[in-house]
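The letters A, B and C name the chains in turn, as written, and every chain counts its residues from 1.
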């Protein structure tokens, strides 16, 4: 972290040496944590869920300018700047509006906005990730400030123009063993195919995310379903054809290396309708005669269908429920859905997932990885369920809770009922390629610190802690996602 | 804990000595905690709520084999093994099915299943309790592993065949001052009577748990009510007779030493119906003409009745709400209700308990001890209510949350609004006799660690911390349960 | 704290020196915390929200006796004594009942009740505040006990009779830069005017709390609305007149220095009715023909109205939702609303505040400070919303959660999504003048301890931590409340 001038490798008074970042401050525990961390620091990165574009890795051309790459595309950062009064238009967020005559802000201006509001990110994970990324990926150790931001911008821009900062070079440098992207069910996966067919050995697999064709509550659902029918050569005018088309697309993804699907529903509701009911509901929705409750029932039914398909084709199922998308409707209408205006809501799991788990929760072919934005459910519903159903695993802290504090809460609130082995280790959910190592590093440090606490309390042997640290950082994500 | 070879009494590098298990790692705080712990370590055990069978203590014959005793009967353990893919039938869980031709697994095979999955329990309270039990009760210091499990099994089996491992000998060795069992309202308490009449001085008291006769939502309710009428010699065909029969059974329990009742309802709802309404509802339910809502209203009404009876007969009332029993209906149908498939749900207390607390919450004869599986209610509803109503006390972390982390959360989230003296100290809720000391020891260590933190922050004097540690470990449970 | 005899300035074995109260025990972290605390300890106090009476400061006569001042008027203390079985009538709680013949208890007797139950407050914030207040404000270092309580009472009583314990002298001694009171919309602010007109330079500003005239669910609403019409010289028989009257009162408050309003609603619901609907609803409620749902809709509509007014007149809007007032109806009817029987309930923010934030959340003139009694909403709804909407700021832990543990949870659960700069620093919410310094001191110590942890984990430079400590203790409340 560049923010500790004069204390680069040695500890200043009361400060940890650089390499002890995020490790527990108590010297004995820190000593154990340091030892555990040494055992996982350089393990390959496994990234089974994230938001990097395969196109960028296939094309392997220069990444965008520093501001677009590290600010405008990262809604974690833009939302916080916005909360401090920076207008969204000043951050080049969302698709540019052809009818909007205002000039798009210059990237350097956006970067200056970040520097001017840098204090507002003090202590936040976004700032920590950025500082680590600037230092470890770009070699920049000057602290960011209004006075230094221009020279840092230039330095970043220079780096990004170099060959060793092209996407594939970064991928290799980071030690990424495998990366799974998040792709629409309608994606033809040409970028993934291009990567696979070229000599570059990087393993970039598609992830099947069918929300656009499965969530009838979305305005563009009907259009997406029509396109689904075309791509899959099925008559999606009937429910049976629609289901076959989805199965067909899953096969297509699997044949391109996919091992998992992902489902981002407003709730975790799962409910199997009988065939006739499903047909009628589908027809009604297709005819635009359904209401909000119909859309919710159809999503619940489709969750059951996707679980059934997972049993059959072996694709691991991920569920990311509980976000209210586009809380701020006027701004979403103007700037799009990626402005950081999604807000978590209370989420119910015990009743909602019961039909799904009763039916498929014991099937050895099935695996369901559940994430949550409602931390009250960690110890109340999710860990107890994961500690019983063989098919159920817990995803790591997600989105708002992917922070040192959030990672610690997750461990402390799930360990007692789910243990470590009903969780999947870390998934970075990253939005920019350069930020990936920082995210994994934070998780590895925090998990090692947590394990060190168990050792210091004599609840775990040092040897078991070593093994567990490797499990969490490397083995469990590979196992859980069948990678 | 046997898992620290070569570090038995001295600390290895970075590891606490054995006697410092679970104490805070910071040396100053640990020193205070150690001193506090010395003051409570050897206090007698008070066990006002648990699931040991009085029959075992009355018969005083050899306990079952190690696997049945420590695995099959403990759903905390079987559920976790099941989550790792071990079939329930391989764990001899639940009643054996006469129509099921498959052989019951051999106890040694079950024990080997535990050893094979021992890593999956790393850091979990069940493993910690087991390790402590093996060491402190059975003197086994070899770490459990697939290579050692057979010899450990043999050693355990040998111990269990010895006189000093008979139930009464263990009871005495553990320093159990009093133990309260959990008994059906239909229990004739012959085992409790047998214990009381024999020369062995162990104090084993019945606990009145009337769910089978009070919860009209249970399939066997009607049969249980009929049996209630027979035992109590009352006409349970009428509501008035039913109430008299329950009062009669409470008297019977009280005359056998009971000081408390326990109620395990799906929700905490309490609502007093007027006499005529209660009569009609009871008649409808008895005629099997009621629905789910009727059953819930009847439970809510009966909670009010039981509170009223507690005011009259002085039995302390416990409430354990919020578990969804048998979340996995197909497996519950096959293997019974004790397979670890109960899942906590969000639980409301402020509105639900209002009628009960308004009516009886100031009555000096009344005492209500509330437990929860929804930790979000600790600081939001339960501690604020317990910090106002004289009759309301908080039970310790229950079930899924009876862990070092859970015990710490309970203290940290209830102290500010309820203090220590509106809680009841520790109740072990144990499912096997040999595990009782380990459970109390964990609670004593964690509470001493928590108190030591307050002393180190100068929020409590050392002297007050000493007194409070004794209160939590010994005095408060006796006071709260009128033992 | 008087409770550490013989360890006044030096640390006893394992105990922190007095000045390290509440700082983290680990020596390195404590060293950093101590340094940060030195930078904020003596900063002026900014008190933008509390419950001190302006009348007391205007009159500047002797404060009441020690028991009335520190016990009877503080429902945090009386509720806890009541939970231990002390009858409310023995604590002189609430308005005296002219029909109640029982003598009001003597203050000294009330004080003795506190001493007799002092153990029950061990570790609780109320005891800590009281101990700090006795020592730092009154110079009393003898620990409170049944044996010492009479002499301590006498000493307190003597102090309170001295000139340097008159309200204005205390205000000056405490370094209060500004204090905002909480006043009914019907208040004529004569005491505030009197203070402003006199030579004493103390800055005591009114706070506009219109619940009595805006919450149609209150029994006295209609009477209050009539009075509102008189004071504002508006025809409150019409909705338009009612709105004008409120705007008029806000202007009046603003002209007396008010910079903020406060709204204590059962829920956070906000919903804008159209003009005609609002008129009809108002008329129905005024005619006493409305029901509970009408009252809730009217509150939701008025929240939108108050937000709109805030945009226009610049008064900062506070929202304190989620308390179930008077949980114990019988006792509330007998002793009034200030007996400590309010209980928090689960509170929803994401849906409830959506209409308000969509409409006004980006308006630079608008500022909404939200408090909560449902800590599950910190990381789930509130911090994510505050990290997006420019107008939304988070108030500090409120009421039941204004404790060392509660303050730490607030920081640990909001930092990741809201940072420090979407919170408003500390507001004391105090109920007695002498307790104000203790409350601020606790918050300053806890925040410095939290920041020190970030420094020790190398997530924040020492310099940034220093600045942030000053922000939280002093700059942010002034900025947020426009003081």
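Just so we're on the same page, a residue touches a chain if its C-beta (ideal position, glycine included) is under 8 Å from a C-beta of that chain, and two chains touch if they have at least 3 such contacts.
Worth saying up front: this structure is predicted, and the values here are computed from it rather than measured.
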_Rotation, 0 to 180 degrees and nearest 5, that superposes subunit A on copy subunit C via CA atoms_ = 120
*For copies subunit A and subunit B, work out whether under half or over half of the interface numbers are shared, and give different or same accordingly.*
different
*Just how far, in Å, is the C-alpha centre of subunit B from the one of subunit A?*
39
_Contacts with two or more other chains, residues of subunit C listed in rising order_ = 26, 376
*Residues of subunit C touching subunit B in their complex?*
1, 3-4, 12-16, 18, 20-27, 79-80, 82-85, 119-125, 128, 143, 324, 327-331, 340-341, 343-346, 373-376, 400-401, 403-406
*State the interface residues of subunit B toward subunit C in the complex, per the touch definition above.*
26, 28-29, 31-32, 35, 348, 350-351, 354, 357-358, 361-362, 364, 376, 379-381, 383-390, 392, 412-413, 415-422, 453-462, 464, 467-468
